[in-house]
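There are two complexes below, and they share subunit A, which is joined by subunit B in the first and by subunit C in the second.
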Partner chain A sequence: MATSQYKAIVIGGSAGSYAVVSKIVAALPPDFPLPVIICMHRLKHVRAGFVEALNDKSQLNVIEPYDKQPVERGNVYVAPANYHLFVEYDATLSLSIEEPHLFCRPAIDHTLSSAAKTWRDKLIGIILTGANKDGAQGLKDIADRGGYTIVQDPATADVPTMPRAALRLLQPSATLPPQGIIDFLKSIR
Partner chain B sequence: MDIKDFLKEFNRRCGFDFSDYSTNSISRRLSKICEEMGLSFEQILNMVVADKQLVQTIVEDITVNTTELFRDPSVWTAYAQLLPKHLPKQTMSTIWHIGCSKGLEVYSNLIIINELGLQDRCRVFGTDINPTVLENAQKGVYPYSFNKGYVDNFNTVMHSLNLNTPFEKYFSIDEQADTMTVSPTLRQQARFLPQDLVKDRAPFAYRVDVVFLRNVMIYFNEQLQNRVLSNVLEKMHDGALFIMGKQEDIPQAMKSRLLRQGPFYKKFK
Partner chain C sequence: MALTISELKDIALNLSERLKVDYTNFADGFFRRRIAYLFDKMSFHRTQDLYSALASLVKFDEIAYYLSVPQTELFRAPAFWRHIIKTLADPNVKSIWLPDLSSYHELYSLLITLDMAGRNDIRVVANLLSDKAKNAILSLNVNKKDEQQDISNFQRLETQASFDQYVLTTPDGSRQLRKGLVDTVEFRNGWFINTQNQKFDIIILRDTLLSYNLKLHQQAVAHLADSLSRPGALLCIGAGERPLGSQNRLAPDSSTEGVYSLIA
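And then the complex of A and B:
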């Protein structure tokens, strides 16, 4: 079934990214062949209803993972509030409450860099709108290992700091508006 | 030299065994240490026998020392509602925070206990591998402006328990020094003791009624989780309460011995 050359998708975003992430998870079909891991900055205490709202919109199963939960297709994993989310070498997820990175916990760099080590060139990494440079280094790590990298076109971003920071560090495989990102993802078979 | 060899040799020379920590977590923290100190594994190993301070620094940097007042307020509210029913009426109860770091969950618990008027019926222990964080816990002084969220957490918990207790009842704030200090009453009620969870047993002889083991075992592999949990279970009364981090689960092998009850677990009788 999964004939894709890729094994997983990781997405990072902060300010303004909730709307884009909602559109993405709403657009993915129930038989989408890859697991999706999302790391979003959010206010520490905005917890209730966040993942539930995404899950209601999606035909996939949107969850906040438990420590050591295996990554499986059909699921969209969202970094839990106030935890860092890492991908381990055996494609399980792990959590950490270690110090914030660039004032962020969860930190997108941690999720993206650890995923890059696990899936190397079999990974798609996406950086969305956001007000922090966290995520740029992680996306570069994905690019350095031959993964496919997408940066949201800063002209379409609510807050362009995050995509711009990524574009300063690397030449992504593609720079796309939100609809272009969705079309790309839907083309994965 | 790879990480496995380094950890084996570090344990042989210093007596701290990190070999069953999750690979990703330990390798990330070790490479940070090497980078910051500008030292290789070999150089570190050559220095540790003579330099005890270096050993302490490395142990500190490997173990994660973050802790918050009333992290996950809803869990603390549920705990406060359950505790009076859970504790035996006639005897002293023992509560144990494992891997307590700088002690903020110990103090969260003591605040609940005092608010419920249970302070004469409970003894509360906090243990950690790291003597420096225990010293900090004992002193009870924390940065203020960086941690203003503690006040919000405190108010959230008090509000959901229909209490109007002010934060200042338990903390004195010094805006000039940018610190908040735990009240002497709470500090006297807390007992902080060193323990290396990987090799030591509990540093007290009581059986335990409530165990807090929150966001500690996320850094261990499953084998070490099972070993640690077996030891902890041995110290627990039947029916004792076991409390983990919000996104943690107990390993499969232990599921017959700890039964899930809402946000908590109970030791199976």
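And then the complex of A and C:
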């Protein structure tokens, strides 16, 4: 895959996605060329431990971003509990406590849609397993702007609601099992 | 409806002039979303609807109300409130400021915390931008829909008190804050950045700076740092916020996210 055409990767997941995300961040090499932004539904009150556990597994720097933090390669940004995470036009991240979307905060749609507006066809969007349709519209926004879209194969999802919702809205660039997603990401140079 | 960049700029200018809040330096993405929310809530279909409403005293207040983002739970981030309970053991804490109150949640959480700590002697000042928000606070009503989250947060405070001591059921089945707790609060109208010559031992402004662009964020943090009474006085912002531009004046607390003390 030619890498220079992409600027970032955004990943959304809900129920069952921690295990997949965990494998993804563990597989990415330390010189991975793109920043990764992850929005997962998670318990509101659990702030400690989640990111630390991912960071322990990864050769990249896994962090919860602070508001207005610039996006840089070498980092994996995880949406903090109880905050929406947006990508701004200047490639910084912003947080918000605006109203929950589809009962979710963070909402995957917000992260993916805002990233699509910023990076347009230079973005890779991935939707993983989950029990909610949040994320489907955001992935469609990425597809509509020419970005590359991947949906986890619902047959391999712990809870297929989220990938199925995405597949109802768009024809993704690829539908892959978790290992296929990892292999694709590792092929990026 | 999709507004153009020039329409948004025009709206920001008009709102700033009328509400005395610098909306021209709100974060672009946030401002665009909030205006869309405002249009939806107030059934505006074009910018002229907004400008007409700005001329009406009642609707003007409602606009200010909807532009603020309310907190949605009592004792949001319980670890923060546990930190405040510990801090209240310090007799030097005599005043607390809530500079931009958009809903009852932070104020009621604070008032319950003060009561649990036996510190009802502390002066509490709260700034608001709308009478609608103030009236909602004075009604003492607590949203029953969010109660499970409120109770869950309260239980994480690990105190001897019970939630039902403070949030009571009324004869009609609704839930209200215990009477009397709000009575001593000094409410003030207006944007906190326009205030001058005030000093407080603790300032709580969590998740409001998220609405601002970097320039306004830095201006706000500098103003808040100037409003701290003494070295060691606390500025409490959201866990996802940093006191950008004033890090050399404010030291982060090592145990609790979002808590900063004024450096000597």
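Just so it is clear, the second predicted complex is superposed on the first by the 186 of 189 C-alpha atoms of A that agree within 3 Å, B and C clash if a C-alpha of one lies under 4 Å from a C-alpha of the other, contacts with A are read in each partner's own complex, and residues count from 1 in each chain.
The rule is simple: contacts are C-beta pairs under 8 Å (C-beta built on N, C-alpha and C of every residue); 3 or more make two chains touch, one makes a residue touch a chain.
Only a predicted model underlies this, so the values are computations on that prediction, with no experimental measurement involved.
**Q** When the two structures are superposed on subunit A, do subunit B and subunit C clash or fit side by side?
**A** Pair status: clash.
**Q** Where does A:158 make contact in the superposed view: on subunit B (first), on subunit C (second), on both, or on neither?
**A** neither
**Q** Taking the superposition on A as described, I'd like to know which of subunit B and subunit C A:82 touches: first, second, both or neither.
**A** both
**Q** Based on the superposed arrangement, let me know which partner A:94 touches: subunit B (first), subunit C (second), both, or neither?
**A** both
**Q** Which subunit A residues contact subunit B in one complex and subunit C in the other?
**A** Shared contact residues on subunit A: 44-45, 64-68, 80, 82-83, 86, 88-89, 94-99, 114.
**Q** Report the residues of subunit A in contact with subunit B in the complex, numbered from low to high.
**A** Subunit A residues touching subunit B: 44-45, 64-68, 80, 82-83, 86-89, 94-99, 114, 117.
**Q** Spell out the part of subunit A that touches subunit C in their complex, as residue ranges.
**A** Within the complex, subunit A touches subunit C at residues 44-45, 47, 64-68, 80, 82-83, 86, 88-89, 94-100, 114.
**Q** Sort out for me which residues of subunit B touch subunit A in the complex.
**A** 22-25, 28-29, 64, 66, 71, 149, 152, 156, 215, 217-219, 222, 245-249
**Q** Enumerate the contact residues on subunit C facing subunit A in the complex.
**A** So the residues of subunit C touching subunit A come out as 27-30, 33-34, 37, 69, 71-72, 76-79, 149, 152-153, 156, 207, 209-210, 214, 217, 238-242, 244, 257.
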